[in-house]
Structure formats: structure tokens, C-alpha cells
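Report on one structure; see the data block that follows.
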Amino acid sequence: MVTQKTIGILGASGYTGAELVRLLLRHPRVDLKVLTADRRAGQSMGDVFPQLAPYDLPRLVAIDDIDWAGVGLDLVFCALPHATTQKVLKDLLAKAPATRVVDLSADFRLRDPAAYAKWYGHEHHALELQKEAVYGLVEMYRREIKAARLIANPGCYTTCAQLPLLPLLKAKAIETDGIVVDAKSGVTGAGRSAKEEMLFCEVSDGFHAYGVGGHRHMAELDQEFSKAAGREVVVSFTPHLVPMNRGILSTIYVRGRRGRTAEDLHAIVSERYAREPFVHVLPFGKTPQTRHVRGSNMTLIGVAADRIPGRAILVSTLDNLTKGASGQAVQNMNLVLGFPETMGIDQPPMFP
Amino acid sequence: MVTQKTIGILGASGYTGAELVRLLLRHPRVDLKVLTADRRAGQSMGDVFPQLAPYDLPRLVAIDDIDWAGVGLDLVFCALPHATTQKVLKDLLAKAPATRVVDLSADFRLRDPAAYAKWYGHEHHALELQKEAVYGLVEMYRREIKAARLIANPGCYTTCAQLPLLPLLKAKAIETDGIVVDAKSGVTGAGRSAKEEMLFCEVSDGFHAYGVGGHRHMAELDQEFSKAAGREVVVSFTPHLVPMNRGILSTIYVRGRRGRTAEDLHAIVSERYAREPFVHVLPFGKTPQTRHVRGSNMTLIGVAADRIPGRAILVSTLDNLTKGASGQAVQNMNLVLGFPETMGIDQPPMFP
Amino acid sequence: MVTQKTIGILGASGYTGAELVRLLLRHPRVDLKVLTADRRAGQSMGDVFPQLAPYDLPRLVAIDDIDWAGVGLDLVFCALPHATTQKVLKDLLAKAPATRVVDLSADFRLRDPAAYAKWYGHEHHALELQKEAVYGLVEMYRREIKAARLIANPGCYTTCAQLPLLPLLKAKAIETDGIVVDAKSGVTGAGRSAKEEMLFCEVSDGFHAYGVGGHRHMAELDQEFSKAAGREVVVSFTPHLVPMNRGILSTIYVRGRRGRTAEDLHAIVSERYAREPFVHVLPFGKTPQTRHVRGSNMTLIGVAADRIPGRAILVSTLDNLTKGASGQAVQNMNLVLGFPETMGIDQPPMFP
Amino acid sequence: MVTQKTIGILGASGYTGAELVRLLLRHPRVDLKVLTADRRAGQSMGDVFPQLAPYDLPRLVAIDDIDWAGVGLDLVFCALPHATTQKVLKDLLAKAPATRVVDLSADFRLRDPAAYAKWYGHEHHALELQKEAVYGLVEMYRREIKAARLIANPGCYTTCAQLPLLPLLKAKAIETDGIVVDAKSGVTGAGRSAKEEMLFCEVSDGFHAYGVGGHRHMAELDQEFSKAAGREVVVSFTPHLVPMNRGILSTIYVRGRRGRTAEDLHAIVSERYAREPFVHVLPFGKTPQTRHVRGSNMTLIGVAADRIPGRAILVSTLDNLTKGASGQAVQNMNLVLGFPETMGIDQPPMFP
């Protein structure tokens, strides 16, 4: 008989929490045992997310009420806000050191404590864990992830930019200066907290850039791009808000190096992902739409020639709540717990 | 070893066709063997629906190029337009009489040839099949469906109105005159053909009623409501278009009969659906939202007291592409082929 | 030379405040002298509503910092929340009794203090003003409004329901029981305060009813409908939320009295509004869309026959921020200050 | 007494036609005398655009039924498709040579017949007129426009990109290679013709790029950018489709030349437009939203520093139907007919 692994979700009342539940409810090997939401403790998930009312789920509890050693979870997803995360996980892993953790916050993504302190304005509160953490971009760190206890699940913007660019940087196929990543995100990326600028009437029927010229998540891009290229890489990056629920699309402008054409770049990316279950490269010249990955864990990448000789335009897209957050987190869980990598996250996109 | 049943989809290039593919790709007991689309014959499904490009699916063919006897399909979903359907199925069942059929058009929903002729303006072209067809509202005709060869899958508007009202009419718990069904639908209900009034700019950021005072699908309502009540029932029904992709919501105004209160009506509906996997009745006074059934086969029903004594307001919702079309069609297929009823259609809703 | 009247807007940082500014910026006879917003005092309107940054407008002030007697405004629009309104206006009119006031809150709409106490749960704080206030539904109370000091601008839902129904109730052309008003509103109706349920992702791509069976604004409907009919009239009324910014649409189900047909009802409504600048009745059988009144002060009304003999379906629509709030408020101002009634509010709808 | 000028609109059944009518209905100096729409000839504007039903407008006629010499229009707006335009205007100006024309198509925007032939695949059919035409970007060609008979109204994408970039290119303040214009448009830009890819369900709740690497309108950009810079300038340009009705936003990546900082670029742009009624430059570091120009003729421009030293990011936005088409066309008409430049197009944006 197949045994189930016991799972907890910390911060289950946010969108990434709900998305984890959606995916795990159909995962054949896990048992959702603990769901936390401090401000909604005592309520059912159906009170917080009515779409889950028909399902049999544990009641929400407060984190402080959990006996980590006693409950003995196999794996915990942590979908808590920045900074809180460090404290909670430090405590959890001290009391129940055998627990595996997939953390969806940005707290453990930076390897360099100095970079962390610079971008976040304070010392890291769990330096030992920061050293231990493995960056959870599956397509790049699959081997390390399998052996990890603490996985830092990548950000949605950064996953969408890394998947097309990393193979090109590693192959030294593009110039490392002058790269432009123009990124557009759906509104779930902002989470569920009530803010005036995320009200329907402030977001619908319009479009805008935000955080122009400076965005905290760039540190994660700098780290991985520089590592891949073997030299410092800093890209221009502008996030925008699209009046849609889910999806990120990045339009990326690059120059081929040493005569590399757009076709050459397409060949490199295509070959790199030929056997990846969650990255699909379109035929040369075709570019993807966010709606064609909605609800799925798939990433679509297109490569086209710019009309300026020697330049190429890449377009990549993924669902920020699945491959950009909860889906990739389940993919990490599958690796860590020894399940088939695609288990529970193999459903096709929902379009329309 | 588990054997697969072979399946065909006629009219796979429309939205209900794509939705059937989405659901069946994860169904463990079926093999999608034939996909037709006359105008797109020769193309791949990924050409027509890019979200399906990463999947291994048969190429689209024209219906006339299929050798029905030779291909020996176990079951065919028919998602063709009205009238065409009659001719195609007549031919198909003549050549391959052992094939089971779930028809998603309105062609076989009316039992009375006179009613059909009145609403559609011509005689039915396949009268024998019309007699044979079983109406596929699973919660009402489960037993008949299991034995049927040809199933007329109900309409989306009518499923959404029937599920809350049929138990009340059968119990003679509400007055049969003065019932108002005010229905609102997402835009996928209009299909994928290019019409000016379905352009983004004609539909977005607005709302309107259409077909006020007369709508072809009412014949189906009249038939089932009258049968349930044991007397002629004609309701006021107005469809509206909501700027959303999926979902139908019906707001239904009724008067209790013989002192029946709104609570009484809630009790009747709750009891009726207590063991149904795809109908969930909310606690008294709560009403549902379309987004909480998005992508799932679930129907949510709420019952509340009107402020006018003796009157109640029911609100029901379902996803017009799943429980209102392709999901219910798979539910019918599961019954016909002897699979567990929820197989392949048990995924939770996608919200947000 | 034409003199300008001086105008104040209390509560200018909300959507109705911004809409008043939009309309009044192009009104040739008014001078916007005072704009208040307690929490944004000291900021410019462009800080609060960037679309107004290019315009020359007074800086926002706190209400308590205004010397009502000294500033000597000709007219004040009050767009403050319920209850606050009563206190502010009592104080204002005590200190500057010659000021005319158009109040956009619900505070002065009910004539009966007992009805007010019942629906709002407390005694009215400005009983004398309540008695003095004139209900500002222009098409019905034009004469009284011209002479009034304090005008209670009607609600958006209630204006949309009253305009089609009042002429029929006055003419005793429809049965007064069994009337159903199924109403749908855009999201601006909920105002600009940050609430989880009004976030983009909670509202977009979906539809739902709210406040089913009980809604505070019904008191206003009961009052005006009963007055028109000369007997108590209580209608079934359900509000719904549409994923659109602006617009209200009411679908209204009635039975003709004494053989009145839908055509008869259409004739009554058409004749009643033949000379009204802001009510347009469509040809019999046609029904309107919200998007065709977007941004304008127009109300569109359609009347169609139900398929049930003797019954009719009326559909009315208006923009909740213009005819449903700020536009009607300017219409009231025009009457009160002796300007042409359509001045400043005669721009055509914006579609698409 | 003020005399009215007589005006015609060719192609009044499209979105730019409707927008012209919306603006001109409130213009105090024009008389809308002729409206054409070949396929809708004989119908009223209210049949084609129900929001215009309450207005008194001439009935639609076919172009071939107009006696150009006899009707004696002062000015004609031409909103016809590419190529048709050339033939119609050649004929019109031959028969009524004193007519002024503002053409909204792309037919007369290119000065170089060879460039035209290259991009459009055929010789120009009205070479003489092409030579005569003046490019109608008002802020750049105000003097030439006043004297022109035939004005080529600029495209929406190109207006949005030119207004921020032209002053910088003229000042030689930025490098001319490596400029990236990442542009995003609302759906009205695609017009009103019924195409599958513009259906609500294909556009809503998603985002995508199109025409990557090649777009016909780039020829217009190349022409004006190169002229401004005094050398050939070719920019990377990618258009995207946003699920919104109106609005274009361009995110533009540049490098300062000879030590020019982002602040320097901001100063140049700010000074250039200080006295322009329809261009507003935001404070340094702030960037605009499309919704804050909705329905108005305003262009908003923001300039921010990139985090990469020496680089800047500009964001510009306008409403593609007003400043990007019909509003700028009226602005051109005002110049040509000697009216104040802002007449009829001075209404504030509509937000929300």
C-alpha cells in the first residue's frame, strides 16, 4: 500500500496558499495535515476560500499553537511574508530538524549575506539557514534540491526571466551588457492584502509600470545571471501590472555575441529544454501568450529575430501562481520526497 | 492491466472541444483517438489551441474522412453546431451502431417532435434517434443514462436553472406561476466564431441582457419543469452577458406553497443533493459566486429568504464549459462506460 | 460678463468626488473653490487622482479647517460617508445658512424618521434638516428642487429602478405585488476604500449577488414606489456585482394590470420621458447596455414583452457615477443655481 | 453670429469614427453634415453605435453616393482602411479641391515613395498627394499643419513613442543605437472588424506580444526618428495587447550620451513640453498609467533613472483613440480651420 507523506502549509489564507491546496488536493501521495493562518485561526478554509468549501480540509490554526516536534510533518510549505519567515523557520527547524521545507518567500534566495543586508536593510535573522538553503529553480539545481532540507523557491518574475536567459548566458552566446527585461504580471502577484492600488477599479481597464529603475527582486536576478555568465551581469528590468489574474510575460531584448543569430539562440534554448517537462520552446519566430499557461506549471518560451541585425527578442511566459510559485514548490516537494517530478502538477492549462 | 476506451471528439476546434481535451488528457481510462474540425483539418490541436501544443494529440481530420465502422470508437463526443449534428450522428450510428454518443448540441434534448419543430422551425432530421436519446442531466437521469446509447447533454443555462428548481417543483413546494429566472453568463457560452458583438471591446467593461422575452433554450426548461411539477410550468427567463470567460449564475425568485418558508425550501434542496458529488448547497442565507466553480464540475446553490414574507431567492452557479457542457459530458461518459462517476473531473476550482 | 458661482466638494478623494471634479472642470459657470479630504489634507488632487495632475485645482483641506461663514460658498456637494454627513451639514448650515447643499449620501433621503431609525439603527442626528430636505430625483421633483436648500441626491440603484417603474405605478398600469428588480452594478459603486472583497482578483472574471434578501437602500425604493402607487409597494430586489468599473443595469419583471400589455407599458414610459434630456426610451422590444451610457448622464430604458402573456420585462441602465451620483448632483445644482439643466453634463457616452 | 464649418467623416462605423463623433458633438464650431459607412449605408448612427441613438445625426451614406463638389464640405476626416483611402481621397480632392482633409490611415505618413513601396508591397496610388501631405504630429509640425490641405494623422503607437523620444534625439542627448521601445496597447487599436483573435475570450485575462521583430508602423518611426537625430535611427520595437479598451503605454530604454543623466533627459523633455496643452511631464522618477488619460487628448510622460548608471527609462502614455487617433485629428482640424487648438478636446480623463 502506498503511504502518504504529511504536509503543512504555513500561510494558507493567501493566494499561493490556496493554490498549493488546489494542487495538493489532487496529489495522490500527500496528506494535508496542517494549515495555518494566524488572523483566520479557527475558521475553515471554506470560510476563507469558498471554492474549497466542498472539500474536507483541516481547520486553520495559528502558527504559535503548533507543536512542531509532536506533529511530525514530513514537509512544510512556507508562504509567509518576508522576515516573519526567517523567524518561523528558524524555530520550526530547531524543534523538528527532520522536516523538509519549501519556502516561497524571498528570505532564503540570496546566498550572499552582504547582498541580503543591502537589499533588505537589515542583517539576516537566520544566517545558518541562509547558508544551508538551496535555490529551487528546478531546471538548474535539480540534483542539489533532491538532497536539500530547505529550499528557497524562486520568485515569479525571476523564474520567467531566468529560464530563457540562463542557457544563453552559460553558453556565452549573448552580450551581457544592454540586456533589457520588460516584464508584465497579473494581479495575483500582489497577494491578497487589501490595498487601495489593488482595488478592481484601480487596476481594471488600464496598464502601468511600477518600481521603475529599482525592484528588490533584481538581487536574485543579478546573483543567478552573474553566476551563469561567470561575470557580473546587471540587466534593465521593469515590472508592469496587467489587468488579469494570473500570468507573467517577459519580453527580453538581447544582442548575439560573436555572430550568434536569433536562430542560433533559439537552437541553444530549444536544445537545453528538449527533455524538460515544464519548459516548452515554440518554433522559431513564434511567441507565447500568458493565457496558454493559465493554471498549469508550464513555461513557454519564444525566440524571434529583431529587425536590427544581430539582435533577438525572447518572450517567455508562465503562471505566476503555479510555475512562478506554488506549482514550482510542489515540483520541489516531489524531488525532495522522491515522487515523480510531475506528480500532481501535470494538468493542462485552462483556456479560455 | 487497465484497458483504455477509444474516444472521438467531433468539433474539437471550439471551446467545448478544447475543454473536453483538457479534461480527458488527465482521465486515466481513455485514449483520445479522433479529433475533427472540418475547417482546420490537417492542422494540429496546438495550431488551433496553443495551450495544447506541448501535448501529444492526434491531428485534426475532417468528419467526411472518417471510416466510422473501421475506426471502431467506443464513444464519441459531438460538439457540432445545431442541425449539422443530426445529420452527422444519423450517419455515424448507421455505420457504427455500437458507438456510444454524448451530444453537446441542443438537437436531441426535446422529447416532443412538435415542440422541436415549433422552436427550430423545421422537422427533426433524425426522428428515430430523437426518440432514443436520453436527457443527460445526471443528477436526475442517472439510471437511464447508464443504459443509453445516445445522450443529449443539457444546456448550460438550463442545467443551472434546473438543479435548484427541480427538487422544489417535484416536492410541490413552490408556486408554479410567477417564477423568475434571471440568468447571467460568461462569454465562452457564445462559442468561438468571430462575431462583432463578441469582440473584446463590445463585451468588456459592460453588461447587458439579450434575447429578452424569447430564447430558444426555454423549450428545454419548459419540458423538464413541467415534467417535474406534473403540470405546465412556464418561467420568466432573461439571459445576460457578463464580461468574464466562464460561469453562469442564476438568480431565481419563487413563492413558497402552502406556507413553505425559505428555510423549508433550503432543507428540501439540501437533502436532495446531500450525496451528490457535483452539487453543493451552501448554508442557509449564503449565496455563491461564479469564480468559486471556475474550471470545476461543481454546482453551488444558495437559498435565502426574500424580505417579502413567503418568498425566497435562490442563487445557483456552475462553470458553463464544465458542468454546463464538457464536464457534464465526461460525467455522462463515465456512467456510460462504467467508470467511477467523478473520474477525470474531480479537480478543484481555480480561484483566483 | 458672466459671474461664476463658488462651489465646494466635501469628500473629494472618493470616486464620486473625482467625478464631480471631472464634470465641473468643464462647467462654464462654476468656480471650484474648496475641496476637502480629511486624510489627504495638504495634498494636491493630482496626488490622489493622477489624471487631475495637469489641472489647476485647490489643494485638499480638512473639513474642520474651513470657516464656513467666511468662505461664503454658493453651493456645496457633500460626498461624505453616512452619519458623518449629518453632523457636518448640520454644522455647515448653522454657520452659513445661505449655502445650498446637494448631498450624495443616503442620510437625507428618507422622509419618515421612523423608517430612518429602523433601517439605520439610530435616531437621525439632524431631524430638522431631514424634514427640510428635498429628494433629488430630478425627473420627478424638478419644481421642489429649484426652491430647495438641501437636496438628497438619490442612490444609483434606486434611480435606475425608479425611472422605469414610477410612471407605471402612477398610472396604475402594473400589479404592485410580485415585482422583481434584479439589479447589477459596476464596482465603483463600492467606493474607493481598501477592502479585500473589492480587490481586482476577487472581482474580475466572475459574478455574484450580495446582500440577498436585505439591502439598506430598499427603504428609499419602498418610499418612492409606495408614494407613486398610492399604496404600499414592496419589491423583490437583488443587487449583483459585475466586473466592470461603471454602470448599473436593472432587469425588472412586472405584470400588466387590467389587460395592459407590454406595448401599453412601453407607450406610458415613452410618453412620460419624451421631453426629458437625460432619459431615452428605446423602441419597443429593444433593451440597453451599460456601456452605452458610460460617462454620460443618460438613462436608457427598454420595454419588452415576456413570453408569458400579460407580463413584461423592463431593462434600464445608467452610469452609477454620473446619473447615479455626481451627474445627477450637477443636474440638481444646475436647477438650484438657475443654470440650464444640461450645462456641463451634456457630453456623449464614451464607447468603447 | 458664429458660423459653423461643415464636416464629413468617411468610415464613421469604426471606433475612430465613433470617437470623432463623440468629440465633435460637443465642438461648438462644427456641423457634422456627412457620415459614411458603405456596408451600413441607410442606417442611423444609433443602429451602429447605440450610445449615439439619443443624438440628432445625419444618416449613414455610401461614399459613392456623395457629390463632393455639391456638398461643399469644409473638412473631411478620413477613417478608411489602408489603400482604399488613397483612391477615395484622390477622387475627392479632384472633385472638391478646396476641401481640407485629415486622414487617419497610414497611407500618407511616409514621405519617401520608396519606403512606402517597400513596407506596403506596391506603388502608392496617389503620389502627388503623398508629396503634398503634412505629417500631423501637432507638437512637431504645428506651423506646417496650419497651412496644409492634406494632413496625415500619426499612428497611435508612433505618437506615443515619438513624443518622449524626439526632443532627446534632437538634442543629441541619447545614444541612437540600442534604443528599446516596448509598447502595450488596448484592444480598440485593432478596430471593430470581427476577427477570432479579438474575441473577448481570446483577449481577456491574458497578455501577449504580437508582430515581434517586424511591424509596418515602424517605417513611420524610422522616418521621424532619423529626421530628428540627423542620422539613421532604428529602434527595437515590440507591440503587445493588453486586455483593456483604450490606452497605449510605451516603456523606453535609452542610454544618455556624453554623460547625460536621467535627470538631464527629464529636464530636456520637461522644458520642451512646458507650454504644450496636451503633453504633461511628471516629476522625475514618477511614471504614468493609461487609465489616467482615458478619453482625453492628454499625453503623460515620465522619466526615471535605470539602476544601471547612464541609462534611463521613459514611460509615455496616451489614449489610442483620442491623442492616438481622433483627438489628435480634431487637434489638427482646429489648427487647419483656425479654431483654438484645444476646442472640443479639452475634457479631463475619465477615471475610474
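A, B, C and D label the chains in the order they appear, each numbered from 1.
In this text, a contact is a pair of C-beta atoms (placed from the backbone, for glycine too) under 8 Å apart; a residue touches a chain by one contact, two chains touch by 3 or more.
Since the structure is predicted, the reported quantities are computational estimates derived from the model, not experimental observations.
Listed by label, the chains that touch chain A and also chain C are B, D. Of all chains, the one whose Cα centroid sits at the greatest distance from that of chain D is B.
Averaged C-alpha coordinates give centres for chain B and chain C that are 40 Å from one another. Centre to centre, using the average C-alpha position, chain C and chain D are separated by 36 Å.
Across the assembly, chain C contributes 15, 188, 201-202, 204-205, 243-246, 288-289, 291, 294, 352 as residues in contact with two or more other chains. Residues of chain D touching chain C in their complex: 15, 18, 21-22, 25-26, 49-55, 188, 204-205, 245-246, 280, 282, 288-289, 291-296, 298, 321, 346-352.
Residues of chain A touching chain D in their complex: 178, 180, 182, 184, 186, 201-202, 204-210, 212-214, 218, 234, 236, 238, 240, 242-247, 249, 251, 253, 262, 285, 287-291, 294, 302, 304-308, 311, 313, 315, 317, 352.
Put simply, chain A touches chain C in their complex at residues 15, 187-188, 192-196, 198-205, 243-245.
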